[in-house]
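Per-chain numbering from 1; labels A, B and C assigned in written order.
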Amino acid sequence: MLDVLIDGLSNGLQLSLIAAGMTVVHGIAGVLNLSHGETVVVATVTASVLLSLGTPVPLALLLALCSTIPVGLAVWAISRTVSGFDERTRGVLGLVMTLGLALTLHGSLVYLFPTANYSLVLGTFQLEVWGFFVRFSSLVALALSVAALAFLYFLLGRTRFGRSVRATFQNRDLAEAMGIDVERTALMTVLLASLLAGLSGLIRGLTVPVEPSRGMELTVLSLVVSVAGGMRSVPGTVAAGVVVGLVNSLLAFFVGTYLTYLAVLLSAAILLRLTGAGRWAW
Amino acid sequence: MGLVSRRAGVVVVGTAVFAAAALLTESVYLLRLYSVYAYLTSLGLSVTLLFGVAGQVVIFMGALAGTSAYVAALSSLHLGLSPAVASALGILSGTSLGTGLVWLASRWDLRGIQVGILTLLASLAFEALILGNRAVTFGEVGFSVEDPLALMGLGASSALRVYAVAGMLLTSALSLALLGMSGGRLWTLFRAAGEDPDLLRTNALDPVKYKAIAAAISSAIAGTAGILYAYSTGYVSPSAYSVVEADIPAYIVAAMGGLGNPVGALLGGVVVLAMRELTRSVGPASVAVYGLALISVFAFKIRSWRRARASS
Amino acid sequence: MRSLLSVEGVSVRLDGSVALRDLNLHVGEGEVVAVVGPNGSGKTTLLRTIAGFLKPSVGRVVFDGADVTPLRPSERSRLGIRLVPSEMEVFPAMSLLENLRVSWEGGARRETFDEALERIVQTFPWIEGRLRVRAGNLSGGERRMLAMAMALLSSPKLLMIDEPSSGLSPKSLSAVLGSISSLSSSGLSVLLSEQNVDAALRVSKRVVVLRSGVKLAEYEVSDRAEVAALIRRTIWG
C-alpha cells in the first residue's frame, strides 16, 4: 500500500514537472505547446538508443537531456512566428503549429525507433519501510522528482532569472519597462521547460518503461493538469499534478483501470471548477 | 449583400459540379472520400460557429458526433428502433450533451482554454465509456450498422453514391444556412456572447443563453454529421470520433477557412482531405509528413497575412 | 540647462487612426514637465512612445544625446528612462520586496540593493514595515507609490508618470506630489501626464497642452491660477 502512495506521489510530481513547463511557456511565450509530451519522448528515445549502443549511463542521460534543446528551439521559433497577431489568432495558430510539430515528432520517432522503450533498471531489491515493502527504484524516483521540483522552486523563487520569469509571467509590459529582456527570458523559459520535460521522462524510466508512442498521451495529461491547476500559477499546476497522480495510482490499485480513468477525469473536472473563477495567482 | 450572394453562388456552383461528379464516377475510393469530406467539413462548420463566432474553445465535436452515432446505432441494434427514430434520438443526445457542457462551462465561469479542457475531459470520458463497456458497445472493434438505404432495398454501390451526394448536399446546405445567418441578429449576438458578454448583460440579454443556442446548433450539426458518416460507411467504431481523428481536423478545417467564414470552411475541408490522402500515400511515416505539411501550410498562411497587413 | 529628452516631430498611429501628430517636446535635466489634456488626447500614447512600447511612424526620440527610437523598452529602461504606468503598475503576486528587487535588477545598479532600499525607505517610510506583503493586496494609492518607489530604486534619469493623481485620495496625492518635487530638486527629470490641471501645476515648471494628439500650446508656470485659466481656455476654447 505504501508503495502505491509513493508511486502515485512520484508520478504526480513527474507530471507536475511536465505540466509546469507547459504553464510557464504559455504564460511567457504565449503558446500552448501541444508538442510538449513529445519532448519527453525525444529524451527517452535518445536515452534508449544510446544505452542500447553501450554508451555509459551518465553520458547517455546527459545527451538525452540535451536532445530536448532543439525541440525547445523549434517551439520558441513557433512562438516568435505567431507573436505579431491578436490574442485569439495567436492562440489558434500556436496550437496548430505546435500540433504540426507534435505530429512530425511523433510520426518520426514511432517510425524510426518503434522499439526504443526507455527503462533504467536499478536492480529489483526492496526495502522495508514502516512495515511495508517498497521498491528501491520507486524511492529513488520519488527522491529525484522531489529534488527536481525543489530545484525548480529555488530557481524561480530565489534567482534573478526566476524573478525575471515570474515578472514576465505576471505583467509582461511592466517587466519590459523594468529593464527585463522579455524576449531572452521567453527563450530561456522555453528551453528550461524542455529540459524539465526530458528530465521527467528520464526519471520515469526508473519505475516503468516509456514507449516512443506515449507522447500524445503525456501532452493531453499535462494540458489537463496545467489548465486544471489554473494556468496562472506554477504551485497550482504542481498541486493539480500531485492530485491527479495520486488519484490515478490509488484508484488503479483499488478499482482497476477503466473506472480509474473516469475518476481521474472527474477529479480534473473538479479542479477545473475550483480554479475556474480565477482564485489562485502566483 | 453582394458579397454574400457571390459566395452563395460559388457554393451552389461548386456543389453542383461535385454532385455531378459523384453521380458519374465509378471510383469507390472517390465516393468514400465524399463521405469523409462531408463528415470533417461539417464538424469544421460546427467549430466555425461555436469557436470562430461564439468564441467557445471546444474539443468535443468528435465525441458529439460519436455520441449521436452510437446512440442511434445502439438503439437500433439493441432496442430495434427504426433508423429514423434512432437517428432522431441520436441527434437529440448529441445536441443535449453539447449544449449541456457549454452551459456548464458558463455556470462555472470558465474562460478560454478552460472550456476546452472541460470538453476535452468529456471527449476522453466518451472514449473511455465506449471502450470500457465492451458488452454493449463492442469496444474498439465497433460494429456494423443497419443502413437505412439497404433496408429500402438499394444496392451497395448505389447506396454509396446516394450517401456521397447526400453528404455533399448536406455540407453545402449547412454552409449556406450559416452564411445566411451571418449577417443577422443571432450571429451578432453569438459573437457578442463570446467577445463581450458584459455588453449583452447591460442590454438585459443573457450571454449564457446565446452561447447555449450556438452550442445547440453546432452540436446538432456534429450529431447529424456523425450519424450520416456511420450510415455511409456502414460501421461505428470509436476511432472515427476520437480527438485526433475528428476534433483536430475540424479545427484545421475551420482555421483554413479563416475562423468564422462558413464558405471558407468548405475549401478548408478540401485542403485537409487532400493533405490527409496525399500524406497517407507516402507510407508509414505519413504522420510525420502530415505534421510537416501542417506546419508549412500555416507558416505560409502567416506569411501572406503578414504581407497583407504590412501593405495596408 | 541641458536637454535630456527630445521628442522630435513624432507621429504615432494606433488602430488605424492618428494618435499623435507631429509632436515636439523636450525635457531638461532636473525639470518637471507636465502634459495635460482631456481623456483621449494622446498623453498615455506619448509616454508609451517615449518608453518604447509604441513605434512612431514619423520622427524620433532622442535621450541623453542618443537616438533611442530603434530601441526596445527594456533597453531604454537600462539607459535611464522609467515609466510608471497608470494601471497594472506592480507585479501583483510578488511581495513588495521582490517588486523592488526586480526593479533594481533592471536598473543602472550604481549602488547595492540594500543601499538603494535604504534610500527609498527614507522617501516612503511606510514601505519598511510591509516588505513581505503581496503587492496585489495593497490599496490603489499604496500601489501607485510602490510603483514610484520601484522606478526610483533604479536611479533613473527620466521618470515618467502616467496620471499620478488618478485613483488617489487627496492625502496620498499630496504625498506623491511632494516626493516628485523633492526628487526633481536632486537632479531627476520628471515628465508626467495629467487630466487634473491643478495637480499638474503644483509640481511642474512647464506645461504642455495636448488635445486629440496635437500639441496646442506650452506654458511656463509662473502664476498658477493664471496659467490654469490659460490652459482651460486653450483646451475648451
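In this section, a contact is a pair of C-beta atoms (placed from the backbone, for glycine too) under 8 Å apart; a residue touches a chain by one contact, two chains touch by 3 or more.
Worth saying up front: this structure is predicted, and the values here are computed from it rather than measured.
Undergrad: Skipping chain A entirely, trace which chains still reach each other through touch and list those groups.
TA: In the absence of chain A, as far as touching goes, the chains form B | C.
Undergrad: Going by C-alpha centres, which chain would you call the most central?
TA: A
Undergrad: Comparing the two chain pairs, does A-B have more C-beta contacts than A-C, or is it the other way round?
TA: Spelling it out, more C-beta pairs touch across A-B than across the other pair.
Undergrad: Roughly how far is chain B from chain C, centre to centre by C-alpha average, rounded to an integer in Å?
TA: Roughly 53 Å, centre to centre.
Undergrad: On a C-alpha centroid basis, what's the spacing between chain A and chain C, in Å?
TA: 42
Undergrad: Please tell me the distance, in whole Å, between the geometric centres of chain A and chain B computed from their C-alpha atoms.
TA: Each chain reduced to its C-alpha mean, chain A and chain B end up 31 Å apart.
Undergrad: For chain A, what residues touch not just one other chain but two or more?
TA: Nothing qualifies.
Undergrad: Chain A touches which residues of chain B in the complex?
TA: Those in contact with chain A are residues 55, 108-114, 116-118, 120-121, 124-125, 128-129, 131-132, 243-244, 248, 251-252, 255, 259, 284-295, 298-299, 302, 305-306.
Undergrad: If you look only at chain A, which of its residues touch chain C in the complex?
TA: 160, 163-164, 166-167, 170-171, 173-182, 281-282
Undergrad: Any idea which chain C residues touch chain A in the complex?
TA: It is residues 51, 53, 72-74, 77-78, 82-83, 85, 88-94, 98, 101-103, 105-107, 136, 150, 154 of chain C that touch chain A.
Undergrad: Name, in rising order, each residue of chain A that touches chain B in their complex.
TA: Residues 32, 81-82, 84-85, 88-89, 91-93, 95-97, 99-108, 110-111, 216, 220, 223-224, 227-228, 231, 258-259, 261-262, 265, 268-269, 272-273, 275-277.
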